[in-house]
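Alright, structures below, take your time with them.
Next come two complexes built around subunit A: one with subunit B, the other with subunit C.
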Partner chain A sequence: MSRKSNLTLIVMGLWVLALALAPSLLGNYEVRIAISIAMFTALALSWNIIGGFTGYPSFSTAAFYGIGCYVGALAQRSGVPAALAWVAAAAFVGGVSFALGAIVLRLKGHYFAIGSIALVDISRLVISSWGSVTGGGNGLNVPLLEGRPPEVSALVLYVMLGIMVLAFVTNVIVDRTRLGFGLRCIDQNEDAADMVGIDTTRYKIAAFVLSAIFPGAVGAVYASWVGYIDPTDSFDILTTVKVPVMAMLGGAGTLLGPVVGAFSFVMLEEIFWANFLEWNRAIMGAIVVVLIFFLPGGILRLDWKRILRRLSDRSKARSTDKGSAKE
Partner chain B sequence: MSAILELSNVSRQFGGIKALNDVSFSLHEGEIVALIGPNGAGKTTLVNAITGVHSPSSGKVVFKGEDVTKQKPFQAARRGLARTFQIVQPFPRMTVVENVAASALFGGNPESIAAARDRAMEELEFVGLGHVAETPASSLTLPNRKRLELAKSLAMGPKVLLLDEVNAGLNATEIDVALDLIRRIAARGVSILIIEHLMKVVLSLSSRVLVLHHGELIAEGPPQEMVHDRKVIEAYLGPKFAERFQKEMADG
Partner chain C sequence: MGFAQILANGVVLGTLYACIAIGFSLVWGVLNVINMLHGSFIVLGGYLTYFAWASTGISPVIILPVVAVALFVLGYALQYLFINKVVTAPVLTTLTLTFGLDMILYNLMTVFFTATPRRVSLDYGRIDALGVSMPVDRLIGMGLALVLTGLLFLVLKTSRIGRAIVAVRMDREAAALMGIRVNHIYATTFAIAALMAGAAGAVFAMVFPVTTNLSGVFLGKAFVICVIGGLGGVSGALVGGLALGIIESFAGVIVGPQNAITIGFLIMLFLLIVRPTGLVGVKGYE
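Our next item is the complex of A and B:
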């Protein structure tokens, strides 16, 4: 088991290194994609803690991300240095998720899912109505990061990679400690978890907070990068749906699942945007449906050995067929 | 013998229904007490009231001299007040040993996950599941699932064990094995309150029987007496039969 998890760490390390090399080896477009991958991997890994380990289908990612955007932006506008503003955003979102989690985690299953979507909408409404502070529907300009564009995007990439690594390390720690064990118990049978002495409320809130702070930081960094935020963009319902899909595409509840899922999804999206501009949403929808029906455990949980064996059997069978046809 | 678990005037209402009405009794250290009663008498509700699943609407539950009336289930488990479920509740996608390790880790007080696993293995050997430790919990047969429930409760190092129909659905041979196991648990110094329908189990295990009917404790005493108690027979079989039965007993 430890050999397998060491392999996981090595794979992840190489992947981070590969993404980090993008600015020095590839062009602007590729760096943008790398940032996108790092960003969504961080989000999917965060979701994995509440949605994967704990089995609570949270759709709150966009709420945390959006609040992070605004807290980071407002802090920077009042003169706080960028790096500090990002940390502040993560901390603030952590606090918010603690308070909201205590309420919304009383719900289970579908009710929790709906409640967690409501958090996104409520946050968006609060931000867009509180015009005197947030600029309302006009949005906010955020002080731009200093430097030439390639330097800025390299910096953003490194910061996003940093958050992604932190989110991954958090996943590893959760996976190996009693917190993760407890969360898995809650996922499989919450009543029984309660009965064996797990303080389920505290564990669930811990998972919710851990799944919130990284999206908060990601949001704040994103705001600094693009230089302008508004409520519809920050609290995009699509973000909130995409992130769980990514984690499930790779394999929810595994360490590398969200990483594989986020990468595959971002690449697919890139291809579809480029080639089928009008149809990409429909194609995304189709992917979600296919995922639910044929890949409920995600890419990583497929029995790859069996699939390869079957493929090789089939190709063998075909070659013997040809052989016998000749005779 | 001092009381380790004491209920005084415990009631529990669900809307207009009084599922438990003014129930008082105590469980002494090292004792096996059976709780019997017809279906719907409130036996499981009583266990739920003790372990905090449905806290009592009124009355008091005292465990080891501490008022635990308002406790949550996880607190009951950590205090050493363990229970099993009538419908078994494993973690289906974990192995048998992981299931028990979870109890040991969170309900007991081990130093590490590895220590919890060792503890779990001991309990699995004790209940006779050592040979299936690494199989998924969902693949166990019913008697083994019941044993898994027992191992899970034992891993928490309980002082009091509430057994909710651990023998339901077992055949005669399996029951004999289960009886032996329950005796061995009691020998470890665990006080046991056992909910049971099978009179064989009640008669051979318990030193005292509590009879619950319509949420009220209608009789309490040694098992042999309870079997002939008029109120108990009435509760199970109706007043007409009770009358006939008593006449027949009197006539010899």
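Our next item is the complex of A and C:
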């Protein structure tokens, strides 16, 4: 184990600790932001397994998240305790993603992207037209968690952090084992990976399922937290693009990239929501455009040394220019 | 409702669908880009037509070409300035970029036009023939959609620029060696796609109310139609559009309109897996 990967673990540990201290040190508003950060970090880390390591342009996150919301909510409404409902949602979404993965992972490139977006649309349409069970377009009320509001939000934060840590650990394990090696081979050249004996279908399905169970759990916890869900919010196409954007912002295919990306994105969004409510969407779009053009490898892949050197070169050049002008 | 009526509704809807999907199919086929802006282009075309009609009272049939030209310019600029820079990047990059651009356009539209549904209401009455009753404005819309589709087919088939687009679609490198300016062709293709989207929006606004929230719906339709019909050709979009229109029309009567949309998506997923080239997918346009 190299020194660099140990550093990654230490940084992540400190970050989890910092977020966990939010309820005892900061106010309600900051705790809410911390929950958002933990939630989106978990989603971005999950996407990283299929989108980052494997290089499959998956836009299914919102489908898993939304199904998680509904399974958790329905389980709780029928009397299942909250914690069990969350686990059930994760397990159910895992099963669904296994079945769906076997279908859509036969596609590649553009067709896979379209197929994965279609999964979000199909899930939303099925949930909203199955009114007798899901409440249709009217949405569902979810039993609220017991306790005073600050206690509830602290509990939600810890649970979200727990899911985030599990997602991170999964990333570390995938990164260091045969599975991660195989997935990277598929990313580089799927046919060649197949030729050298990697069971590409099994590997891809494993990646797809791992990228689905955490969003399922996150959705279920979110449903218990807010107490009300509806199809438009649960299966939002924005979620499905926001999550890959976060992972790419930090650096897709790395361990800390999705963590850095989710944190930066949530903070930016928070600032823009607060100050430019009407233009929020356009500003987010502009961030996406800037990301694609100026940060193609993400924040973590920036060559900081080179940038600093270039900056100092430039200032040096300027001072010598001045010097030569005087001469 | 009788069988003939349902079929007629499906065919009218199908020609409109073909017109919606054709630009999306062209961009996917030629540039290899999934254009997430497409739905908003259609909505923009519809809104511009509505506001031009509401403020001047000029017939939308005359406004349509003007709107189409405006969208052509917008499309050319967007492709030339932004999308062209990453046109050879993996689908994740191009799709995310066009989605980002779409967020900006969508926001601009909600601010300037608000999300109120708008419709160019032309009260021309209905026509009854052969046991089928159809509002005249829908027939005009269908006629316009067919004319537009036909024009695009002719342009691709006979004009110099059209042949160049087909050549780039078939083999980018060989086309470049023959002296075709590939970047110019890419931008022109994207601009033609935006033009068709704007015109489709104008036609749509004469038949159904248009609102910004529909941009995602239009985009979803374009996905389904392209996969059903096959990519890049006028015939693919026409077959896919008509198929989806007729399927939705019948499914709407049998299982309800909400489920009809789901069935469209399920058929698309099925076809993606068994026949990803679509029903009439071909390599060039021939």
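We adopt the following convention: the second predicted complex is superposed on the first by the 310 of 327 C-alpha atoms of A that agree within 3 Å, B and C clash if a C-alpha of one lies under 4 Å from a C-alpha of the other, contacts with A are read in each partner's own complex, and residues count from 1 in each chain.
Following the convention adopted for this analysis, a residue touches a chain if its C-beta (ideal position, glycine included) is under 8 Å from a C-beta of that chain, and two chains touch if they have at least 3 such contacts.
Keep in mind that this is a model prediction, so the values were computed, not measured.
**Q** Quick one: subunit B and subunit C on subunit A, clash or fit?
**A** Here subunit B and subunit C can both sit on subunit A without a clash.
**Q** Between subunit B and subunit C, whom does A:Val288 touch in the aligned arrangement: first, second, both, or neither?
**A** second
**Q** First (subunit B), second (subunit C), both or neither: which does A:Asn28 touch?
**A** neither
**Q** Is A:Ala192 touching anything from subunit B or subunit C once the two structures are fitted on A? First, second, both or neither.
**A** A:Ala192 contacts subunit B only, not subunit C.
**Q** With both complexes superposed on chain A, which partner does A:Thr200 reach: first (subunit B), second (subunit C), both or neither?
**A** So A:Thr200 only meets subunit B here.
**Q** State whether subunit B or subunit C is in contact with more residues of subunit A in the superposed arrangement.
**A** C
**Q** By the touch definition at the top of the document, which applies to A:Arg178: first (subunit B), second (subunit C), both, or neither?
**A** A:Arg178: touches subunit B, not subunit C.
**Q** So, does A:Ser5 touch the first partner subunit B, the second partner subunit C, both, or neither?
**A** Neither partner.
**Q** So in the superposed three-chain picture, is A:Ser315 touching just subunit B, just subunit C, both, or none of them (first/second/both/neither)?
**A** Touch partners of A:Ser315: none, neither subunit B nor subunit C.
**Q** Which value, in Å, gives the least CA distance between subunit B and subunit C in the superposed three-chain arrangement?
**A** Superposition on chain A places subunit B and subunit C at a least C-alpha distance of 15 Å.
**Q** Quick check on the output: what are the common subunit A residues between the subunit B footprint and the subunit C footprint?
**A** Touching subunit B in the first complex and subunit C in the second, no residue of subunit A appears in both lists.
**Q** Using the touch definition up top, name the residues of subunit A that touch subunit C in the complex.
**A** Residues 51, 55, 57, 59, 103-104, 106-107, 109-111, 113-115, 117-119, 121-122, 125-126, 128-129, 237, 241, 244-245, 248, 278-282, 284-289, 291-293, 296 of subunit A touch subunit C in their complex.
**Q** In the complex formed with subunit B, which residues of subunit A make contact?
**A** Contacts found on subunit A: 177-178, 181-182, 184-185, 188-189, 191-200.
**Q** In the complex of these two chains, what residues of subunit C are touching subunit A?
**A** Checking each residue of subunit C against subunit A gives 28, 32, 34, 82, 85-86, 90-93, 95-97, 99-104, 106-108, 110-111, 216, 220, 223, 227, 256, 258-259, 261-262, 265-266, 268-269, 272-273, 276.
**Q** Which residues of subunit B touch subunit A in their complex?
**A** Subunit B reaches subunit A through residues 51, 72-74, 77-78, 83, 85, 89-94, 101-103, 105-108, 113, 152, 156.
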